[in-house]
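Look at the two complexes coming up: chain A is in both, with chain B in one and chain C in the other.
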Partner chain A sequence: MKNKEMTFWLFITPVLLSLSLVVILPVLMGIFYSFTNWDGLNFTAFVGMDHYRRLIGDEQFLQSLWFTVRFALTSIILLNVIGLGLALLVTSKLKSRNLLRTIFFMPNLIGGLILGFIWQFIFIRVFSTIGDVIGVEVLKGWLSTPATGFWGLVILTVWQMAGYIMIIYIAYLQGVPKELMESAEIDGATPGQKFRHVIFPLIAPAFTVTMFLTLSNSFKIYDQNLSLTGGGPYNSTQMVAMNIVDTAFSGNQMAYGQSKAIVFFVIVAIISLSQVYYNKKREVDL
Partner chain B sequence: MKKKKWSIYVLEVFGLLLGLVWISPFYLMIVNSFKDPRGIFSNVLTPPSELNFVNYQQAFEDLQFVRSFFNSLMITVASVVIIILFSSMAGYALARNKSKLSSMILLLFVAAMLIPFQSVMIPLTSNFGQIGMLNRVGLIIMYLGFGCSLSIFLYHGAMTGISVTLDEAARMDGANKLQIFWRIIFPLLKPISVTVAILNVIWIWNDYLLPSLVLGNSSQTIPIRMFYFFGQYTRQWHLALAGLTIAIIPVIIFYFTSQKQIVEGVAEGAVK
Partner chain C sequence: MLIQNNLNNSNKIFFVGACALLLGACGNEDGAGPGGMGSNDDSSGETIQLNIMQGKVEFNTQFNELADQYMAENDNVQIEITSVGGGTDYFTQLTTRFSSGDEPDIFSVAGPNEIEQFQDTMADMSDTDAAAAALEGTIENVTHDDGRIDAIPYNLEGYGFVYNMEVFEQAGIDPEALSTYEELRDAVETIDSQKETLGIEAVFALPGAESWVMGDHLANVYLSPELNESPLEAYNAETLAFERADEFQRMLDLQVDYSIEPVLSLDYSQQVEEYFSLGQVAMIQQGNWIYPTLEQMDPEFAESNVGMIPIPLEGYEDRLPVGVPNYWAVNDNNDDATVQAAKDFLDWMYLSDEGKDFVVSEFNFVPAYEGYEDLEISDPLSQIVYDYSQSGDTLGWVFTGFPTGYQLNEFGPNLQAYIGGEMTWEEAIEASKEAWESMRQ
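Our next item is the complex of A and B:
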C-alpha cells in the first residue's frame, strides 16, 4: 500500500510542482500584492483597496474594458454565424469541400502576431488602393480611427478563428443521423426547413461550446491587438490584456497592474464558470 | 431535379469565391513581397513583373532566421516532449487512483485552466527573475505549468478506455508501475498523445507574450524576432512582407504534412 502511494506521488509530482510554481503561487501572490505597494521586487506598505478604488476612476482601463466587451460580443456573433455557415458549406455535396476546409482552417495555425502584421498591410495599403480605384471613401484611412481599428480587429479575429469554430460545428454536424435527413427529405422538407427543424435542434449543444470558447478567447486577445493596431490611435483600441501589460511593464506600476489582472481574472472566471454551469444544466435537461 | 443541380452549381461558385477571398491576404502578402516600394505603390493587386529575391535575402538576414528558427524549434520540441511525458504519467496515476484526494487534484488542474495568463504573468516573471530563471529552461518549465492542465485532462479522459485488467496482467508478470506505464499504457495512449502534441505545438510555436517577457533580447524565437523586425521596417512593406512570408513557411509545411491529424486534434481539444 505504501509503495502504491509512493508511485502515485512520483507520477504527479512533476506537474504538480510546475503548476504550483507557474500558476498557483503567482496567482496567490498576485492577489496579495494587489493590496500592497509592491514594485516588482519588494513592498513596504499595505495600501488596502487603494488600487481597486483608483481602478474605478481609471478612464483608460474602463475604456479598454468597454472596448473589449464590445469587441467580444461583436466577434462571438459573427464568428458563430460565419463558422456555422462555413461548416454547412464544407459538409455539403460540393466538389471543392475538402479544399475549402483546408483554406478556411489555415489562418488558425498561424500566430496572431504575424496575422496582425499581414492585415495591417491589407487595411492600410490594399484597402486604400481599392478605395481609390472604385472611388469608395470608406476604404481609406483604415486603422487610423477608433471605428476602423475596431472593425479591423473584428475582421482579423473572425478571419483567423472562423475555421476553428467551423471544425467544432463540423464535429456536431457529423453527429446528425443520415436517416433523419433522408426522412425529412422524403417528407418534402426544403433545405431551409431541414436546417431549422432537424439540424438546428440537434447541434444546439455546439452553441454553448462555441459561444463560451469565442467569448473567453476574444476577451483574452493580446497578440492581434499588439500587431494590428498597437492599441492606437491614442489607445482607443487598447484591450484589457494590453492595458495590463502596458501598466505593469511599460508604466512600471507592478502592484496597480496586478490589481487590474485580478479584476480580469474574476471576469474571465465568471465567463468560464457560467459555461460549466450551463453545460451541466443542459446535461440534466437531456 | 434540374433546379437542384442549378443551386448546387451556384453554391459551388459561391464557395470558390469565398475560398479566394479567404486566402487573398496570403496572396497579397506573397505578390507584394517580390516588389520594390515603387512596385507596391503603383499596383498592389497584381503579381510582380519579375521574381526578385532581394527582399527575401535582406529579410532572412535581419530576421536572423536560422537562429530564431532553431530557437523556436528547440523550445517548442523540448516543451512538448516534457508536457507529454509528465502529463501522461499524471493522467494515468490520477485515473487509476480512485481516492478522493486524486479527484481533488484533478479538479485543481482543471480549475487552473480558468486563470488567464495576464493574471499571473507579473508575479511569475518577478519570481523566476529573482532565482535567475528568466531563460530557456525557465520558459520550458513555464510551458509545462501552463500546458499540463489541458493535457492531463485529455489523458485522464483517454484512460477510461483502457482496462485495469491490463495493469493487473502485467503486474502478475512481475512488471513494476513504471514498466507497466511505459511498456503497456503509454503506447495505447498514442492517439491522444498526437492530439496533445498538436495542440501544444500550435500554441507554443506561435506564442509571443510569454517568451518576450522571459527571454527579452537573448535567444529570440520567430514571433519575438518578427516583432522587432517589423518595428524596424515600419511602412517598408516590401521587406516586412518578405519577412512575414518566411516566418509562415514552416507552419504551412507543418499543416500540409499532417493536416488530418491537426484538424482532428484541434476538434478533439475543443469539443472536450
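Our next item is the complex of A and C:
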C-alpha cells in the first residue's frame, strides 16, 4: 500500500511541478499584478479594483469581446457541422477515402501565421481577380470591411480546424457497433432516422470533446487574427487575445492588460466548464 | 526603421534574431578558446564582454561585421549582438531581459517613452566624443538641463512623397516645384487624367492597413507646428489641439481619393514592392528606408528613377520631416571599465575612419554626426535626406513622443474608421483628442 502511494506521487510530481510552475503560479502572479500598477519591470502602488472598473467602460475591449463571442459561435457551429460531414464522407464506402482523410487533415499541419498570410493573399488578390473576371462585386475588397474581415476569419478557422474535428468524429463513428446499425436497418429505419436515433446518441461523447476544443480554440485565437487582418480595419476584427496583447505590449500597460486577461480567463473557464458539465449529462453509455 | 507593424518584416526579424543569437553563441565559444590559451603567456588581457541589444534588424549582418572588425583590433573586447526587430517586439524583449537580470550593456531606445522607462539604467553619455559630434537637432531631446545626455543617435531618417521620375517627366510636371497643397493637388489631377497613357493604375498607393503611415508619419506633419517640432514637447503635452486638422484631412482625402483601392487592406509591402517599384503608381508617402527594398526589386529603377519631395504644409513649405528613429544607450549598472568600453565602441563606430566608412557604405545610414562631409552617401533617397538635414530645411519628428500605443490602438484606428466611412472627420479627431488626454493622465 505504502509502495503504491509512493509510486503515485513519484509519477505525479513531475507533472504537478511543471503545471504549477508554468500555469498555476503565473495565474496567481497575474491576479496579484492586476491589482497593481506594474509596468513589466516593477510596481510602486496597489490600485485595487481600478483596472477592473476601467474595463467596464473600455469600449474597444467590450467590442472585441463581442466580436470574439460572435466569431466563436459561428465557427463552433460551422466546424462541427462540416467536421461531422467530412467524417461521414470519409467513413462511407468511397474509394478515395484514405486520400481524402489526409487531404482534409492537412491544413491543420500548417502554422496559423502562415495560413493567415496565405488566406490574406487569397481573399485580397485571388478573390478580387475572380470578381473582376466574373463580374461579382461581393468578391472585391475583402478584409477591408468589418463584415468581410469577420467571415474571412471564420473561413480560415473552419478550413484549418475542420480536419482535426473530423478525426475525432471518425474515431467515434467507427466505434458505433455494426449490430445496432444492422438491426435498425432490419427494423426499416431510413438513413436519416439511423443517423438521428442511433449514430447521434452514440457519438455524443465526441460532441463533448469537439465542442470543448472548438470553443476554447475559437476564443483563444491570436496568430490567425494577427496575420490575416491584424485587427483591421480600425480594430473592428480585433479579438480579445489580441486586444490583451496590444494593451500589454504595444500600449505598455502591463497591469491593465493583465486584468483584461484575468477577466477573459474567468469568462472562458465558466463557459467551458458549464458546457462540459452539460454535455456530460447527455452522453449515452453502451 | 519605422515599419513597426509590418508582419512580414517582424517574421523575418524573429528569424534573423534567432540566427543572431545562435551565431552569437557560437562565436562566443570560438572566441573563448584562443582567449583562454592566450591568458597563459599574457596575463594583461582581461576580456570585457559587451552584450548589445538593438531594435534595427535590417543592418544586423553589417553590424556584426563591424563588431568583428572592432574585436580584431581590440583583443580585450568581446561583443555579442542581439538584434530584435519591429518596435513592439523589441521593446518587450528588452524589458524582459532587464527584468530577468540578463541586462545588455548597450541597448537601443526609440523615443521619450522608452527613455523614461529605462532612465535609471542609462549612463551619462555627455563625455563621449560622439555626443559632441552629433548634428544639431539630433541630441537636444535626450539632453537634460544639467547637460546630462541619456543616449546618442543612430542615424537620420526622413520621409515625404517618394515619386517615380519617369511618370512625372512624361506628364510634364516638375515634382520639385510642388510645394503647396494646391500645386500638389493640381499635379495629382493632371496625372490622374492621363493614367492610361502614363501606364499607371493610380496616382498614390496609400497603405490603409498600416496605420503608422497615416497616424505617425502623415499626422506628424500637421502636429509638428503646434508641438514646436519637438518629441519632448509631444511627450509632455497634456492635450492635443489639432490646429491643422483641416489641412490634415484634405491631404489624407487626396491620397485616399487617388489611391489604389481598397485602401484599408493595402499594406506596406504591396505599396512599396508591388505598386511603386513596379511603376504602377506615381508616388507613395514613404521614407528613405524603402531604398534597399526598391533596389532588390529593380536596381536600375531604384538608382535612377526615384526622388522625394516634402509633404506640403502651409507656412513650412519645402521642409522634409527628418528625425532620429533610434538612440544608443549604455547600461549604467556595470563596472566603470565596461561602461567605458561600451562608450569607446560607440565612439569608434561613428567617429573612426573605418567606422564612418561602415556607417555610410555598409549600414546605408544617413549620418547624424559631423565629419562625414567627404563620404559619399550610397543611395539617392538617403542623399536627399542628408541634403535637407545639411541645409536645415527639416521638420521635426513629434510622433516618437506620442503616448505608447496611441497611434496603434487609438489614433490609427480612428483614421481608418474615417476612411472606411465609420466615423466623420470631426468624430475621428475628437475621439483622438480624448484618447490622448486619457492616456496622458
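Definition applied: the second predicted complex is superposed on the first by the 254 of 286 C-alpha atoms of A that agree within 3 Å, B and C clash if a C-alpha of one lies under 4 Å from a C-alpha of the other, contacts with A are read in each partner's own complex, and residues count from 1 in each chain.
By definition in this document, contacts are C-beta pairs under 8 Å (C-beta built on N, C-alpha and C of every residue); 3 or more make two chains touch, one makes a residue touch a chain.
If you're wondering where the values come from, they're calculated on a predicted model, not measured in any experiment.
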Inset, instruction - Would you sort A:S183 into first (chain B), second (chain C), both or neither based on which partner it touches? - result: neither
Inset, instruction - Applying the touch criterion given at the start, work out whether A:Q193 contacts chain B, chain C, both or neither, answering first, second, both or neither. - result: neither
Inset, instruction - Tell me which of chain B and chain C touches more residues of chain A. - result: B
Inset, instruction - With the two complexes superposed on chain A, say which partner A:W142 touches: chain B (first), chain C (second), both, or neither. - result: second
Inset, instruction - Considering only touches as defined above, state whether A:G232 meets chain B (first), chain C (second), both or neither. - result: second
Inset, instruction - Check the residue A:Q60 against both partner chains and state whether it touches chain B (first), chain C (second), both, or neither. - result: second
Legend entry - First (chain B), second (chain C), both or neither touched by A:F249: both
Inset, instruction - Mind working out whether A:L41 is in touch with chain B, chain C, both or neither, as first, second, both or neither? - result: both
Inset, instruction - Return first, second, both or neither, reflecting whether A:S274 touches chain B, chain C, both chains, or no partner chain. - result: neither
Inset, instruction - For chain A, give the residues common to its interface with chain B and its interface with chain C. - result: 40-41, 113, 117, 226-227, 249
Legend entry - Residues of chain A that touch chain B when the two form their complex: 4, 7-8, 11-12, 14-16, 18-19, 21-27, 29-30, 33, 40-41, 89, 92-97, 99-114, 117-119, 121-122, 125-126, 129-130, 159, 164, 167-168, 170-171, 209, 213, 220, 222-223, 226-227, 240-241, 244-245, 248-249, 254, 257-258, 261-262, 264-265, 268-269, 272-273
Legend entry - Touch list for chain B against partner chain A, complex: 8, 11-12, 15-16, 18-19, 22-23, 25-26, 28-29, 32, 40, 43-45, 86-87, 89-90, 92-94, 97, 102, 105, 108-109, 112-124, 126-127, 130, 141-142, 144-146, 148-149, 152, 177-178, 181, 202, 205-209, 213, 223, 226-227, 230, 237, 240-241, 244, 247-248, 251-252, 254-255, 259, 262-263, 266-267, 270-271
Legend entry - Of all residues in chain C, those that touch chain A in their complex: 5, 7-8, 11, 87-88, 91-92, 95-96, 98-99, 113, 117, 208-209, 211, 261-265, 404-405, 408-409, 413-414, 416-417, 419-420, 422
Legend entry - Residue numbers on chain A that touch chain C, as the complex places them: 39-41, 60, 113, 117, 124, 140-145, 226-227, 230, 232-236, 246-247, 249-253
